[in-house]
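Dropping the structures in below, format is structure tokens.
What follows is a pair of complexes built around subunit A, which joins subunit B in one and subunit C in the other.
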Partner chain A sequence: MTTRANAPSVSVLARRWLGENATFYLFAAPFAALTIVMGLWPIALSIQTSFTESYTALSPQPTYVGFANYIEVFGDPVFTKSAWLTLRYTVLAVVLNLVIALFYAMFLSSVLLSRGAWIFKLCCFLPVVTPDVAGYIVWKWMYSGDFGAVNAALTALGLPEFGGVSQVSTVTLAILIAEMWYHVGFYVVIFLANFAMLDRTLDEAAHLDKAGFWRKFTRVTLPQLRPAITINSIYALIQFLKTFTVVVVITKGGPGTATNFVSYYAYRQFDQAQYGTATAMATILFSVIMVLAFALYWYNQRRDWR
Partner chain B sequence: MKLKALLAGTTLALGGSMAMAEELVIWHDLGDNGINWFAEAGEAFKKMHPDVTVKSVSFPTDQWYGKSIAALNTNTAPDLLYNNYERVIRVVDQTGKVMDLSDVFAGMADTGFLSEADLNVARYDGNMIILPVQRVQMGFGARKSWLEAVGEDFPETWEDVQRVSAKFIAEDPDGNGKDDTYGLALEAANPRDLIHMLDLYTFGAGLRHTLIDGAGEIVIDEPKHKQVLVEFLKTFTDYGYVSPDTVTHSFPEMYQVIEGGRAGMFRVGDWNVKKWDGADVLNGDFLVGEWPQHFDDVDNAVVIGGMRGVAVPDNAPNKDMAIEFAKFLLSVEAQQASLNNVGAAVRGDFALDGLSERRLVFAQPAHNLNAYDFPESVHAFYPELEADFHRELLEVLVDPQDDWGAYVDALAERMRAKRDSLK
Partner chain C sequence: MSRDTALRIAAYGLAIAVSAFFVFPYLWMISASFKSTEAILTEPLQLIPDSLSFKAYRDIAVMSGVGLGTYVWNSLWITLASTVITLLSTGFGAYALYRAPKLPGFGLLRVGFLLVIMYPYMLLVMPVYLVMFKLGLLGTVTGIILFLSVGPIQFFLFEQFFRSIPREVIEAARMDRASETRILFRVVAPMARPVVVTVTLITILLNWAQWFPILVISRSTDTYTLPVALLSLNSELGVNFQGIMALATLTTLPVILVYLATQKYVIEGMISGAVKG
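Let's look at the complex of A and B:
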């Protein structure tokens, strides 16, 4: 009885272990558990599968083959080409999306656009909340060489036809435009939030110092947009390195192998039950994304923006 | 006490009936037609096995592979798998858990309608991996009203196809006043799509191999093979008989082109005819025949793309009953239902009344038939070799060559080198 009476209560123990934030940790625990089960566990399983023989990957006792799948993937010229295509596309997409989003946000936050700004905001954000598959199906129809709206409009204007997704020379541009339509609204919203927090006195000071538009933009505005640029660039990098849906819906990796990006190639391998090599590709992509995202974050944090 | 006895009795009765009831689950990729067929066959099977219910689940073909392989490897298999022979081969290769049905087949009395050729495309690596249930036939189709509009008959030769294609493109055969029609509907988005079309050109022309023969020799630069392959590649490129978007078309897009009335000549599978006879689709406005003739001394044919059949996983939950249902699918009743719903069967000893002339082409074949060679069942390295071949063809479709003959010669050499590296 004496022992029971002197024993600390659960709440006291929890406070002792977790400190003063015990209540917070207790409330957060279910979500942490969910994150581990739903988020980290599949990643861990995927990495584990990448070290197994494909034929046995889903059996109760898979055969482990060490780095054989990784060696096979790095020796596969299709994967090498796919990796370069993915990187090239990512660079193009990140730069294009962020630049356009930045200037679009500048336009929307301009005092000259006091009326009607909500229409432009709505127009650019609507695609973000549209189901991506539905949006890309419409883009596919628009690009159709047979009855597409894009070529119909170009022809009506007396301009040459656009090769769209049927030609290697134009397919990258075609899916860049479709993806920009879908993603750019999100980046604009982040930039707009940052624009709302800008210190206008700095702008006025630069104006009094007779700084021109470009000088004000690069020395006053841009440094203050660092949080938005960091978030957007990291998000865009992750987004475009994983480009998948637009390829599945519109190009299926073609024409030829022109849009056979790593995510799609891994998916095709998975589809052919090559689980070992598919998950090895996915793990390589995951590692590249992690390294690049952290590098970008580190660079944006350290860089002197003034 | 009475209440307890009543409860005990009810529990026993329920438990007893639950123990007797069995649900056979079959996975296939035949869509609604297949679901209707299995439902009809299941009802007929129920007459002999009142406690057995048959439930079929249709997956898109790609998903069927992944799900089947995963399920067999994780001991969560369905009772039966239903698909094409070569697809079951891949499940066998990647699971090793498909039952050898040789003894089951040997014990069946009524199998005389199956030829040795039929049985050959049921065996793999010494085992009978499927009971063959439906021959897969694919003919060449052309829109009847379009042919009439341009003053042509059903194209018999490759020259006919070329001439008719040019007219379909230039002469507005659908009469809508727009320049929106093409000669042929093909598909080329995925490697398997492209090679499937090449198989049809090749076997339809009466040749016996697409890439490699039984002895392991690469055949694509042999004169006749080379001619067919070059014409196939030119169809997409130099000739422009297909929509430029075809390089991003898979099965669904190809069907949109056919059913949407944008191409006048196309593949017709035995399973397509019932749907296309329907008023809302092609309304029977098409003719079906052999694939075009390329050579005077080789007969063209309707292509037998293999055999669809039923396989029983080693780890099927209700294996004995699954075997019984597999055997039942070869009965007259189930075969009649198969023909009615899916458009294909292996038996012919039942009524064919009421079938359209297009369905009779497959149900009562009076034309040449030429079957796939299934090199994957002979050469273990074939899938990898074929994957390389696909990639080469996909690349060249968007990079047309000035000298296609020289390209095929060089491609053949690359395939030989690849074959040697894989052996």
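Let's look at the complex of A and C:
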């Protein structure tokens, strides 16, 4: 094996490898540092804290209590109620937002609005890019009984007053509307992008077959919209499961506990230095979101293969 | 023909009504910030007030002992600094991960990053309080800027762009024995203008709107930005309604202007970032 002698030595190879790749490590270093320090570390800390006694969480040697925080959280009736409220709200919000977004996108991409549709798209996307705090504060005051625009408009139209965010019976609807106002434009625009890619020849074929609107919609349009439906449902699910800002700004969990969703409840616990239970709730919510997102993704992938 | 015209008119009517639903709160907000208290109570729906009142803007000149200028400055500085850091870290990071995905550690970094962006943001903010506490950055603008610099969709926008560069372009430069730094700055960077503009705009909009991490990391109102100041003004007792609307207007209007001027970039960027992520 004389050729071996001519081959570069290991140290030369290592130096060359480093010379070629040091640049890439250098490029990735700030990104890696931020991801680790501001992302992975807090996640790890959160999980770690969920296994410790709350009042020792900030000390150098926290007391580990195993699953005690989790057991406490699951035994807490306020949390159980909060979890159900969150689930119910999420289902309502996802269905409402996606159905409305789908039909509005279909409407905006119809031939009837061949000119100027971009202005309508611009309008519905506007709330998505503006600060949510400001938007929700405006909604809070629009729902106000004394001089809010909502009841003034209803009264002007001769309709009964809307209880808004001050009554348990109407608060869910009130924040559903405010949140839809803020988020739905995003889903509309995703659907619109998908509509622009539809195969128009299928439409014509359906037309020649004298298929009715509903049949055409379910057999021709919907199957082609699967990419947008997948993306939107995953996004909406994650979005509404962690509903937070609207609660902080408008309802503070009330009236009573009517909008005390898990993320808000966890935050309140954290604010009261209940670090152990707060991070346990966070970990539970995170697990639920992960499982649901993956299940949804997997379900849509599987249907694609058929 | 006439049936077609009628349908068209109805369609435009409906589209305008729906658009009004999205735009009305902004008009109502701006209008209320210039109204007198009597005008608000008597004509809550009137969008153009009979007389303009600037009292609300004078009222919010100083809030909880801190001048409005401080909040504006914090908003501008925190948004600008975190945008620059996000742009550089995700831009270079995505480039490295795209060019050398098999380098030891890079696969792990990608998985770690995916985990971070999938973690619900507001739940991430709470333990960040603990991190800032341990780093001694609690209550500092530096801490706020660093946390805001972890961008969710910017990485994907950059990665998507790098993947769109023809392989031959980079291979040709490698054949010429150009260094990796040279390839990035002389070959790739000149093509990257559109993606840099898109990412910059989206990051500015996202970071300007941030409030929760800023509230959690802050120890006093000195490091509040406009949305956080707005939130704290809103939860004060004895509310000053017009003042709140005036501050909401100041918080929102700059963003609306940026959005209207650059809408194509913003909408398309947000969509492709979402589709990719």
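Please note the rule applied: the second predicted complex is superposed on the first by the 266 of 306 C-alpha atoms of A that agree within 3 Å, B and C clash if a C-alpha of one lies under 4 Å from a C-alpha of the other, contacts with A are read in each partner's own complex, and residues count from 1 in each chain.
Following the convention adopted for this analysis, a contact is a pair of C-beta atoms (placed from the backbone, for glycine too) under 8 Å apart; a residue touches a chain by one contact, two chains touch by 3 or more.
Everything numeric in this text was worked out from a predicted model, so none of it was measured.
**Student:** In the overlaid three-chain picture, which partner chain does A:205 touch, first (subunit B) or second (subunit C), both, or neither?
**Tutor:** Neither partner.
**Student:** For A:165, is the partner it touches subunit B (first), subunit C (second), both, or none of the two (neither)?
**Tutor:** A:165 sits against subunit B, while subunit C stays out of touch.
**Student:** In the overlay, answer first, second, both or neither for which of subunit B and subunit C A:71 touches.
**Tutor:** neither
**Student:** Is A:249 touching the first partner subunit B, the second partner subunit C, both, or neither of them?
**Tutor:** second
**Student:** Is A:257 contacted by the first partner subunit B, the second partner subunit C, both or neither?
**Tutor:** Touch status of A:257: first partner only.
**Student:** Between subunit B (first) and subunit C (second), which, if any, makes contact with A:147: first, second, both or neither?
**Tutor:** A:147 contacts both subunit B and subunit C.
**Student:** Where does A:270 make contact in the superposed view: on subunit B (first), on subunit C (second), on both, or on neither?
**Tutor:** both
**Student:** Pick one for A:58: touches subunit B only (first), subunit C only (second), both, or neither.
**Tutor:** both
**Student:** Any idea whether subunit B or subunit C touches more of subunit A?
**Tutor:** Comparing subunit B with subunit C, the partner touching more subunit A residues is C.
**Student:** Looking at A:99 after the superposition, I want to know if it touches subunit B, subunit C, both of them or none. Which is it: first, second, both, neither?
**Tutor:** In the superposition, A:99 contacts neither subunit B nor subunit C.
**Student:** Would you tell me the residues on subunit A in contact with subunit B in one complex that are also in contact with subunit C in the other?
**Tutor:** Common to the two interfaces on subunit A: residues 57-58, 146-147, 270.
**Student:** Residues of subunit A touching subunit C in their complex?
**Tutor:** 20-21, 23-25, 27-28, 30-32, 34-43, 45-46, 49, 57-58, 104, 107-108, 110, 112-113, 116-117, 119-135, 137-142, 146-149, 152-153, 156, 181, 185-186, 189-190, 193, 227, 231, 235, 238, 241-242, 244-245, 248-249, 263, 266-267, 270, 275, 278-279, 282, 285-286, 289-290, 293
**Student:** Which residues of subunit C touch subunit A in the complex?
**Tutor:** That would be residues 7-8, 11-12, 14-16, 18-19, 21-26, 28-29, 32, 40-41, 44-45, 85, 88-90, 92-97, 99-100, 103, 105-106, 109, 112-113, 115-116, 118-124, 126-131, 133, 135, 146-147, 149-150, 155, 179-181, 184, 205, 208-209, 211-212, 226-228, 230-231, 234, 241, 244-245, 248, 251-252, 255-256, 259-260, 263, 266-267, 270-271, 274-275 of subunit C.
**Student:** Mind pulling up the subunit A residues that touch subunit B in the complex?
**Tutor:** 54-60, 78, 144-147, 164-168, 250-258, 268, 270-273
**Student:** Which stretch or stretches of subunit B touch subunit A in the complex?
**Tutor:** Interface residues on subunit B, with respect to subunit A: 62, 65-66, 69-70, 73-75, 90, 93-95, 180, 182, 188-190, 243-245, 247-248, 250, 262, 391, 394-399.
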